[in-house]
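One chain, chain A, appears in both complexes that follow, with chain B as partner in the first and chain C in the second.
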Partner chain A sequence: MEKGVISLAARRKREIHTAAIMFLLPVAVLMAIYIFYPIIDTFITSFYKWNGISADKSMVGFRNWAKLIADQNFWTAFKNNIVVMVLSICIQIPIGLALATLIDFGGKRMTIFKVLWFIPLLMSSVAIGFLFTYALATNGGIFSAISQLFGRGNIDLLGNPNTALFTVIGVIAWQFTPFYMVYCMAAYSNISTDVYEAAIIDGANKGQYFRKIAFPLLTPSLKSAAILSMVGSLKYFDLVYVMTNGGPGTSTELMATYMYKQSFVKFNMGYGSAVAGGMFILITVVSLLTMKLLNRDRGRE
Partner chain B sequence: MNAITLRSRVCRIVAVIFGIFWTVISLLPFLFMGLNSFKEKFEMMTKGVFALPDGFYLENYKAVFQGNFFRFFFNSVVVLAVSLLILLFIAACASYPLSRFKFKLASPIYALIVACMSIPIHITLIPVFKMSKNMGIYDSIWALIGPYIATAIPISVFILTSFMREIPKEIEEAAQIDGCSRYATFFRVMLPLSKPGLATLAIYNGVNMWNEFSFAYTLTQSSANRTLPLAVWEFQGQYSMNMPMIMSVLTLTVIPMILLFIFAQDKLVKGMTAGAVKG
Partner chain C sequence: MKKRVKKIAGLLMAATMVVSLAAGCGAGTESDSAETTSGEKTSGDGKEIVFWNIGTEEVDKAIYDKAIDLYNSTTDSGYTVTSVPTQNDTYKEKLIIAMSSGECPDMYLSWSGGPMNEYIKSGYAQPITDLFNKSELPDRLMDAAIAQAKYKDDIYAVPFMNVSLSGIYYNKDLFAEHGLEVPKTIGELEKVCDTFVENGITPFALANSTKWTGSMYFMNLAARKGGLEPFNDAVAGTGTFEDESFIYAGEKIAEWTEKGYFPEGVNSLSEDDGQARQLLYQEKAAMDLIGSWYTGLIQQDSEEFYEKMGWFPFPALEGSDADPSIMIGTIGDNFISFNCKDEKLAAAFDCATKFSEEEIVDFMVESGKTPPIKGIEKKITDPISKLVVEAANSASATQLWYDQYLPPAVAQVHLDTSQELFGLTMKPDEAAKQMQEAMKEYLEESAE
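Moving on, here comes the complex of A and B:
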């Protein structure tokens, strides 16, 4: 009898295992082929010198990695990524929060603005890149047109190494602020109306309600928004590649654009792999650090 | 008392100004795009970019349609449909055991899949490029489907697993008591009940795939095999000095999204921010 029970439990367990394997198999296979194997392969390729086409592939040991560590351009790209990351968080999330607050406080009559403010998010990064290449062009761009209205000359925002990166960051903010707006709206809708009513009955005005009640309640959401923005900015590629291709010089170079150019424009696949590997390591380290910081906060609560 | 009303009035005015300011910023580039797409090349140069077009000049649009535009559009639709169908099915398959079965490896596997969300796709670019060449699918839309599905798996499994956890256990147990096997339970109970989650995922991943650039740019080469985000490239090459032409291509690539937005606003907004569920 005892034995029968055990074997029944064991059979059930085995049956669960078989079913789990069957269900997980397709996902496992695809991720193995297109994610895990490529990561390993990139690190392997980073030890070779290879142009991506010929069979001529020679082992160079750590030379690509030594080159990467000494490569001023890569570190400039990393620094640009950090600037994009910090400014994206500092611009997009506060404006997103402000817009969401206007919509939340404004009630029904703000519906039309909710729609209008969302529209930039509908466009693909590539299309935005092209649109703004023309919209910010020295000849016939929006800013040049405005400047001429005041009788001044043309303005060259993307061609000037001092302004290019900030212009790109501005365009990124234009694209993604609606995302954080919707994100904050969702966070607002999680605050129960009872809380709002109670605060108003107690005599709080809207400003006080925002500062003393809504903002503290929104803080956890804002933190995860910051993480999303952070991970996104470190991987950023399309828009910059289309708009400036990293230039002028290296002023808007990002890790991803640098990797792409090394691998698929100059066909230094070995070195390109090292850049990709470096990017992977840096992003993983930064993400792990933030997760850790966040978990520590959670522990304190 | 007076000071307070004054302050709230000032706040209100600042809020209104800010709202108007942001509306202008959001819409000005679209105005720029739309207006100029109806202009003739020289008309734009002589009259300035913000002048109203002389009339509805449709030659730009005509030229775009006579070019490869529909080919790009068709490619995008095929890639999207195939990738999305496979993705939703296998993501649902994976989420079922991860949300419901009790086995030791469930949480490590889940953690591993979810951790892949922060992996930059650029680290997979060179090997995937090599693989597509070796498999002989380089420069065809079929090269895109594998990477599109694989890169969308982590977020999809993450969202669907949390969705399936919310489905009451009793329904599933009832099905099993009625004699459903695990597989039948999945197909007859869990899959239909997950429809809202699948819809959200379809929108989220659909928008991303529709706009995807890096893989499409790397894995295809000839314009007959490229997707819509790369259409501009083709026209850029042909008409680089003809800005109104580029603007009409851009307008046409945004229109499907705007239509979707008009018809399914709430669903689209919810779907596009699905990646933002607190993690």
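Moving on, here comes the complex of A and C:
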């Protein structure tokens, strides 16, 4: 009797296992072909000198990697990525949270803003890039026009190496803030109305409710938002490619645009792969470090 | 326990994120096979010749169609040519990706220079010297065009579309208004510029976020200072990019930028978006040093404004021995290379010769092109195009654009450094040094 029960449970367990494998298989195969194999091959390619088209590649050992470590342009690009990362987290998430809070507190009246503020996220990056290139144009752009209204000269934001990166970061923030707004709205909807009502009955005002109740409850979501933003910033490519293509000079060069140029413009596929590999390693390290930091915080609580 | 599960889940999620982004990078090298299987075919089976080109829009599309139809309807070789047009911007990447997976088309278009040399070195372009010399092409095509289709001692391509030289378009009305004449020397050019600056007009309409636009100033200045030897020597490794003619070019650019010869925010303006032409049309700028394809562009934008345009070649430098007839540009612009053998190669080559057949040439001229054909000046009526052809014919030598001629890795450094010269963020000697380092590195690597 007892034996039969155990074997039934075991069978059930086995069936679940089989089902799980069956369901996971298609994704696993796709991931293996389109994600894991390319990563491995990127690392393999990074040990070759290859122009990207010829049939013969020559093995050069760690030379591409040695070059990468000594390559100032790559480290400039990495530094730019870090600037993008830090500012993205500091700009996008707080504004996103603020907008979400406004919408959450505002109720039905805010529905129109919910839609309006979401629009930038619906546009393709390339379209946004072109849009802002025109808007920011030194001659005839919006900022220059406003400045001329006050009798001043044109404003050159994208052509000036000191301002170009920050300008691009501003545009990135315009594009992605709505994402964090929606993210925070979802987090808000997870807070039960009971909690809100209880707080209000206890005499809390909205400010106190936000500081003492909502914000702590939102913190885990904000942490994952920060990680998302971080990884997104480190691999960022499209807007920069469209708006400045890394220029002027190397002032807005990112690791991804640098990799693209090496691989496809300069015909250095081997070195381009080393850049991609370097990116992979750096991003993994930064991500894991951050993850560890955040988890330690959680442990303390 | 729960915490641990969460931690593992977190790590897994992070790993997926990192992995998916790396796939984005890896895609650079790896999506090639997907690209070619989903993209157009590259090599025709049996008697079909596949020809990759950029004729997606009128009038280029009509030119390709006409020439290919002419071949297909008259040939008795049994081969037919199929045209596969791709939009210009994506064409280069598509070609590289196809080649990287060994799927090079039978016939394809390039712009000669550094990238073409890479294709040749990788074995994707066949020498056609014998076929070429036996055909009528040596009599039909301009010698300068043939020279740009050569690599080492062999001919690898058939030039056909357009003669594009860099020269200065100027607004005749503005010149007359300020009592100015076409400058013959760089000194005179500077006087013209100073007059415009005093009157609140930007001398040169330049949009340099595109980088190759500013490169034209650098190339012309360097050629007027020292001719073509310094450049050829530097590329061959016997000279250096730190030669005085390159330093001179860099210094002049910096000086001109400081004197306000270029528009504000020059490095943010985009040539692709027509921001330089806009300055010309608004008469905020008086001149533009640019390739002669501007004739067609301006005519398309406004026939009326085109009437105001004049053209002169880059002026000579006082006290320099360099031959001022030297021109910078491309004699042909589009070059057809071949990746097939024997009978198929002969058939494909035959198709390429159709582009210089009289009826096609006439059609090209009607469409506003200047094909690189001997005696083309007799067919052309547009006054500026006539001047351009005259300059091409009387040039003692023609230098292909640096960014097209140099090995791609060095070309990029040239573009980047010359943009920094316009931004005053790099000193001329530093720019020269970086160029020389890049060239040296390339020469050392290719010597291995």
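Criterion: the second predicted complex is superposed on the first by the 270 of 301 C-alpha atoms of A that agree within 3 Å, B and C clash if a C-alpha of one lies under 4 Å from a C-alpha of the other, contacts with A are read in each partner's own complex, and residues count from 1 in each chain.
The rule we apply is simple: a contact is a pair of C-beta atoms (placed from the backbone, for glycine too) under 8 Å apart; a residue touches a chain by one contact, two chains touch by 3 or more.
As the structure is a prediction and not an experimental result, all values here were calculated from the model.
Chemist: Could you tell me if A:70 is touching chain B, chain C, both of them or neither one (first, second, both, neither)?
Modeler: So A:70 meets neither chain B nor chain C here.
Chemist: Between chain B (first) and chain C (second), which, if any, makes contact with A:134: first, second, both or neither?
Modeler: In the superposition, A:134 contacts both chain B and chain C.
Chemist: If you stack the two complexes on chain A, which partner ends up touching A:161: first (chain B), second (chain C), both, or neither?
Modeler: The answer is second: A:161 touches chain C but not chain B.
Chemist: One more residue to check, A:244. First (chain B), second (chain C), both or neither?
Modeler: It touches chain C, and chain B stays clear.
Chemist: Which holds for A:283: it touches chain B only (first), chain C only (second), both, or neither?
Modeler: Both: A:283 reaches chain B and chain C.
Chemist: State whether A:49 touches chain B only (first), chain C only (second), both chains, or neither.
Modeler: So A:49 only meets chain C here.
Chemist: Just chain B (first), just chain C (second), both, or neither: which does A:35 touch?
Modeler: both
Chemist: One more residue to check, A:265. First (chain B), second (chain C), both or neither?
Modeler: A:265: touches chain C, not chain B.
Chemist: Is A:201 contacted by the first partner chain B, the second partner chain C, both or neither?
Modeler: neither
Chemist: Would you mind checking which one, chain B or chain C, touches more residues on chain A?
Modeler: Here the partner covering more residues of chain A is B.
Chemist: Do chain B and chain C land on any of the same chain A residues, and which?
Modeler: On chain A, the overlap between the chain B and chain C contacts is residues 31, 34-35, 37-39, 41-42, 45, 52, 134, 140, 228, 231, 234-235, 237, 256, 259-260, 263-264, 269, 272-273, 276, 279-280, 283-284, 287.
Chemist: Once bound in the complex, which stretches of chain B touch chain A?
Modeler: My answer: residues 4, 8, 11, 15, 18-19, 22-23, 25-30, 32-33, 44-45, 48-50, 90-91, 93-94, 96-98, 101-103, 105-106, 109, 113, 116-131, 146-147, 149-151, 153, 157, 182-183, 186, 210-211, 213-214, 218, 229-230, 232, 236, 243, 246-247, 250, 253-254, 257-258, 261, 265, 269, 272-273, 275-276, 278-279.
Chemist: Which part of chain C faces chain A closely enough to touch in the complex?
Modeler: Residues in contact with chain A: 3, 7, 10-11, 14, 17-31, 92-93, 96, 99-100, 102, 115, 118-119, 121-124, 208-209, 211, 263-270, 273, 275, 278-279, 284, 407-409, 412, 416, 419-420, 423, 425-426, 445, 448.
Chemist: Can you name the residues of chain A that touch chain C in the complex?
Modeler: 31, 34-39, 41-42, 45, 49, 51-55, 58, 133-134, 136-140, 153-161, 164, 227-228, 231, 234-235, 237, 244-245, 247-250, 256, 259-261, 263-269, 272-273, 276, 279-280, 283-284, 287-288, 291, 295, 299
Chemist: Within their complex, state which residues of chain A touch chain B.
Modeler: Listed in rising order, the residues of chain A that touch chain B are 13, 15-17, 19-20, 22-24, 26-27, 30-31, 33-35, 37-39, 41-42, 45, 52, 95, 98-99, 102, 113, 115-127, 130-132, 134-135, 140-142, 145, 148, 174, 178-179, 182-183, 186, 205-207, 220-221, 224-225, 228, 231, 234-235, 237-238, 241, 255-256, 259-260, 263-264, 269, 272-273, 276-277, 279-280, 283-284, 287.
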